[in-house]
Amino acid sequence: MATHHFTPSRYYTTMGAHEPALHIADGDTVITSTVDARGWDAARAQSGPRGNPQTGPFFVEGAAPGDTLALRLDRIVPSRRYGWSGTLLAHNVVDPEYVPKLGWPADDRSTLAEWDVDAAAGTARLLSHDVGLGALVLPLAPMLGCFGVAARGGQAISTATSAEHGGNMDYRGCVAGATLYFPVFEPGALIHVGDGHARQGDGEIAGTGIEISMEVEFTAWLIKGQRIEWPRGENADYIFTIGNARPLDQALQHATSEMHRWLLASYALDPAGAGILLGQCVEYDLGNVFDPAYTMVCKLHKSFLPHRV
Amino acid sequence: MATHHFTPSRYYTTMGAHEPALHIADGDTVITSTVDARGWDAARAQSGPRGNPQTGPFFVEGAAPGDTLALRLDRIVPSRRYGWSGTLLAHNVVDPEYVPKLGWPADDRSTLAEWDVDAAAGTARLLSHDVGLGALVLPLAPMLGCFGVAARGGQAISTATSAEHGGNMDYRGCVAGATLYFPVFEPGALIHVGDGHARQGDGEIAGTGIEISMEVEFTAWLIKGQRIEWPRGENADYIFTIGNARPLDQALQHATSEMHRWLLASYALDPAGAGILLGQCVEYDLGNVFDPAYTMVCKLHKSFLPHRV
Amino acid sequence: MATHHFTPSRYYTTMGAHEPALHIADGDTVITSTVDARGWDAARAQSGPRGNPQTGPFFVEGAAPGDTLALRLDRIVPSRRYGWSGTLLAHNVVDPEYVPKLGWPADDRSTLAEWDVDAAAGTARLLSHDVGLGALVLPLAPMLGCFGVAARGGQAISTATSAEHGGNMDYRGCVAGATLYFPVFEPGALIHVGDGHARQGDGEIAGTGIEISMEVEFTAWLIKGQRIEWPRGENADYIFTIGNARPLDQALQHATSEMHRWLLASYALDPAGAGILLGQCVEYDLGNVFDPAYTMVCKLHKSFLPHRV
Amino acid sequence: MATHHFTPSRYYTTMGAHEPALHIADGDTVITSTVDARGWDAARAQSGPRGNPQTGPFFVEGAAPGDTLALRLDRIVPSRRYGWSGTLLAHNVVDPEYVPKLGWPADDRSTLAEWDVDAAAGTARLLSHDVGLGALVLPLAPMLGCFGVAARGGQAISTATSAEHGGNMDYRGCVAGATLYFPVFEPGALIHVGDGHARQGDGEIAGTGIEISMEVEFTAWLIKGQRIEWPRGENADYIFTIGNARPLDQALQHATSEMHRWLLASYALDPAGAGILLGQCVEYDLGNVFDPAYTMVCKLHKSFLPHRV
C-alpha cells in the first residue's frame, strides 16, 4: 500500500488503452495533479489540450477484464485561485422555442465568468461580472467531472462524454470521501482522472462547473472476479449507481437496473424486496445533461439497507 | 379569508372544467379529505373510482385564464392506518433486456405490499412481507401525488398523467409547507386534489407511493394577470419550477426554461446572470417516471437569489 | 348502409365525448366537409376556431368500449383553391444549437406561404414567395391530418396532439383508399374528422401541410368485441399500425408492439415467426414530429403476410 | 483512377486511426471482401472477430481533416449462400410491458434463422423454421450495415454503434449505386467497410439483417475543403442526410439540420425557401433502432431541388 507522487507530462482526451503513465499495486494511493478542462495548469499555463484532458492512465497491477476497480477519492483541492465558468445556459437544456432567449451571440461564442477560488476559505467569488448578481460568493464543493477507466471493447471514448467506463459524468457526488467502482475492461484498468470543478450545479447546464486545476489524491483497489455493468459508488450515507446515456430515461434505466442487480446480489433481496424498498426509498441525482451522454444517479440511503451478504 | 370544511361526495379521474364542488374566495382555506389512488376512503370503503380520484374542483372566485393560482399545502395527514404500495419495479424504469428480471407474473398482476401507517408516530411499518427486508419501518413524509387545476385549452386530462396544469406529478416536494403556483386555464381555476402518499421514493418507480387517504388543508389565492407557463413552487428554502413531459429531457427543458423566465422577470437578471447562477447553483429533483408524462423539478436555493424586483 | 350528407355547424378542438352531431348506423357512409387548421372554410371565412377544428362527432349506433371502429377514407378533395403553409422549420426538428439559423423572427411569428391548389389538375403552385424556389409546383396528395374517435378514459384531448384514439397524427398515409381502425372508448365511438392537407412532407416539420378545407367522404363499420390498443390501418398494399407518443422511440415501441400483437392474433404467427418476418420486412413511416406527441407508423407489405386466420 | 484488388487479413471492431491496410489515390476503386457480423467469411470459416468486423482501413492519399470523402458503392454481392438472422424482436423496440411477450428464453440466447441466399436468382429462402411462415422467399437487397471513416477526435468507436463518421447505421439505402459523403477526421480518412446484409427490414429490429459475407466494390474521391457535420448521400432519385444518436428525436434533429445546411450552402436557398420546400417535400427513412445510437435519414427528391449553385 504504497503512496505514489506523480507529476503528469502528458494528457489524454480519450479514455482508452493508452500507454500507462504509472504502474501501481492493488491498494496503492496516488497523489497527483489535474489541469482544467481547457488544459490550463496550476500556473494558468496551457500544459494540456482542450477538452477535459486526463492525467494518467494508471495501470493497476493484477486488474483484468471482468474485475471491478474501486477508486476512493481521498482529496480534491484546487491548486490555484483562478476559476472560470460558462455564462449562458446550454441550448439543449431549454425548450427549443426558448433557445433565442438564452442570449447566445451569433457566433455562438460566449464570454467566460471568472472566479476567485479560495480553497482555505472554502469559497468562490464571482469577479467582475455586472450581471445583477451583486457580490456572489459560493461555497466550494470540489469534485472531479471526468474520470474512470479505459473504455469497453477496445474503444477510445472522448472525454466529452461518458459510458460504462465512467468519463465525463459531472456528478456532484464525486467529491473527496466518495468511493467509485468501475468495471475493468482492459488489463490494468487504466485509471484516468481530470476535469476538476471547484463547484458545480446539477447537470452542468451552463456547460461547465467552476473549472480549475486540482491536487488529487486517490486510492485504488481491486475486487477480483466481480463483474459490474455500470459504475457504482458509495459514501458515508449512500450506495449509488450511475447510468450514462441519452435520453435521461435511458440513463435512469441503466442506473436503476444496476441498483436492482446490486440489491439482489449483495443484499439477498428478491425482486419484491428490492421493489418495495426502492419504490419507497430510492433517490435520484442528476449528473451531466450537457454531453452527448447524460448521467443519472440512483441512490439508496444506507440506513434502509438490509445486512449485506 | 374564510375556512371551508368540505366533505366530497364525488370524485373525478380527469382534470378539466367539471362542475364546481365548492366556490371559495381569493385567500380562503379549505379543509377536506382525499381518497386513495384506488378510491378507498378513510374507512377503506370504495367511495370513488380507481385512478387517482380527485376531490373538488374548487372554484376560486375571480380566477381567470392568464392569472396564476397560488396553492399552499397547509396540512396533509393520513386519515387511516392502512397503506398499500406496489411490490415490483415498473417495466419502464429498467433496461429493456432487464425487464424479465423484475419478477412480474405472466398476467402482469402483482400483489400489494401493505403498511401500518402511524401518523402520530410518523412511521410506516411494512406488514407481512417476507421479502428479506426484516422489520422495515420508514419515516412518513405525507404528500399529494396528483393535484392542480383544470387543464389547458378545454381539455380534460387523465389523473394518470400530468401537464401544464399539474396532475399526477408525484413530486416528493409537495408536502405541507410548500406553495405551488399553477397557470389558470379555466374560470375559477378549478382546484383538484388527491392521490395522497404517506411516503414515496423519487420517481414512483414501483408505480405507487404508500397510498393512503388523507386529511388535506390548503389555502388558495390569486396573482392576477401573472401568466406562467409551467407550475412553480416554493418552500422555506427553495424556489422551484416543474416540467411534465416525456422524455425526461423535455421535462427538464420545460422546468429549466420556466426557471430562466422567472429569474429574468422577477429577479431582474439578464441571461448571463441567470446562466452563471443556475450553472453553479441549480438542483434538480425527479418527480414521476411512471406516467405517460414524466416530471422534473428545477430548484434554486433562496440563499443564492438576488433581491426580488 | 345509408349515405348521409352532413353540413357541420359546430367544430371541436378537443376529441372527447361531445354531443353527437349525427347518428349513423354500422356500415353507413358520410359525406361532409372540414374547415382548415385555422377554422377557415371553403369560402375562406372563419367558421370554426383555430387549432384543427373537427367536424362531428358522428355517433355509430352499436359501438361500445372494447370494440374496434373501422373508418374507410373514401374521398378527400380540396374544396377551395387557397392553401397555406408554414415557411420556417419548427424549432424542435433541428439541433438546439442550430435553432438560431432557422430564421425565426424575434416575436416567433412567421409569415405564411400561400398556394394555389388546383384539385382538377392535381397540383399546388407556390404563390409569390421569392425564396429561391422558382415556380414551385407540387403534386397533390390530399390527406386528413387530425381525425379519430373520442379519447380514452373520459378524457377530452386537444386536436394539437394524438394518442390511442388517433388525433393529430399527420400521417401521409391517411389518404382516400386507406382504412383506419380505432379502439372504441366511448359509446358510439364518436368519429371526428378535420385538418385536411392538400399535401404534406413527412413529419410536418414546418408545422403545417398545405392547409385547406376539404370535402370528405368516409364509411364506418364496427368490429364488435375486437379490442386493439393503438390505431391500425390498411391500404391496397400494406397493413400498418400507428404509435403516438414522445419521444419517437416510444411511438415506435407502441406501433411495433401493436403490429406484433396483430401478427400473433390474426395471422397465427408465434413470436419467432413474427420476429423473423418483421426483422427482414418491416417498414416504418414517420408521422408528426411537431406535436406534443409524435407519430410513428409500422408497416408490413401484404405480399409477405401469411394467410389470415 | 486505379482499381485495387484487396484481400483482407485483419479486421477491426472499432473505427479509428488504425494502421492503414492499403493506400489508394483520390478517385481509385477498390474491390474487396467483407466477412459477416460474426466474422464468418465466404467459406463460413471464422476469419474475423464477432461484432461487425471491418475490412480496411483504406487510406486515401490527400485526405485531411476538414475535407469530405465521397464513397460510391459500386457493387455489393453475397459471396456465399448461407445467411443468418435473429428470430426475435429486440427488447427495446416494443413497449416495456410487452417485453415478456417477445419469446426470449431465460438466458437471452435465441436461435438463429438460416437462409439460402441465391444471388443469381436474387432471393433469400428461409430454411427449416416451422414458425408459420410457410415457404418464405424474400427478394434480395444487398447492403452494407456498418461502414464509414475513422471517428472524430482521435476516438476509436465500436462497430456496434454509429456517430458522425458513419458506423453501424444499418440503413437500407446503402446499396450499390448510392454515394455516401463522410466528414474526414483523420489523415487519409481511413475507410472501413463491413456488415453486409443480403436484405434487412427498417430499423434492424430483430437485431440483424440477413447476415452474410460480401464481395464489395467501391470508388472513393475527395471534396477538398468541404466540411460537413454528418454523413450525406445521394442516389439516382434523392439527396439525403444521416443523423446517428439516441433518442430518434435527436437523430432526426442531426439529419434535418444537416439537410438545411446543405440546401442553404449548395442550393442557394434562404431559411424560408428551405422551410417551405422541406415542409411539403421531405421524407424520412429509419435506419438502425437497435444500437446504442439510432439512425434517421432525411431525404429530398431531386425533382424538387432548385439548381445547384
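The first chain written gets the first letter, and so on, giving A, B, C and D; residue counts start at 1 in each chain.
Basically, a contact is a pair of C-beta atoms (placed from the backbone, for glycine too) under 8 Å apart; a residue touches a chain by one contact, two chains touch by 3 or more.
Keep in mind that this is a model prediction, so the values were computed, not measured.
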Starting from the Cα centroid of subunit B, hunt down the chain whose centroid lies farthest away. D
Decide which interface, A-D or C-D, involves more C-beta pairs in contact, and give its chain pair. C-D
Counting shared numbers against all numbers at the contact of subunit A and subunit C, is it over half, same, or under half, different? same
Please report how many Å separate the Cα centroid of subunit A from that of subunit C, as a whole number. 46
Where the CA atoms of subunit A average out and where those of subunit D average out, how many Å apart are those spots? 34
Multi-partner residues in subunit A (2 or more other chains touched) are 92, 94-96, 246-247, 250
Using the touch rule from the top, collect the residues of subunit C that touch subunit B in their complex. 13-14, 16, 51, 152-158, 160, 245-247, 250, 292
Could you please specify the touching residues of subunit B with respect to subunit D in the complex? 90-92, 94-97, 99-100, 104, 106, 108, 247
Interface with subunit C, subunit D side, in the complex: residues 85-89, 92-96, 98, 101-103, 110-111, 113, 124, 126, 129, 131-134, 136, 138, 199-210, 246-250, 252-254, 256-257, 260-261, 267-284, 286, 289, 294, 304, 306
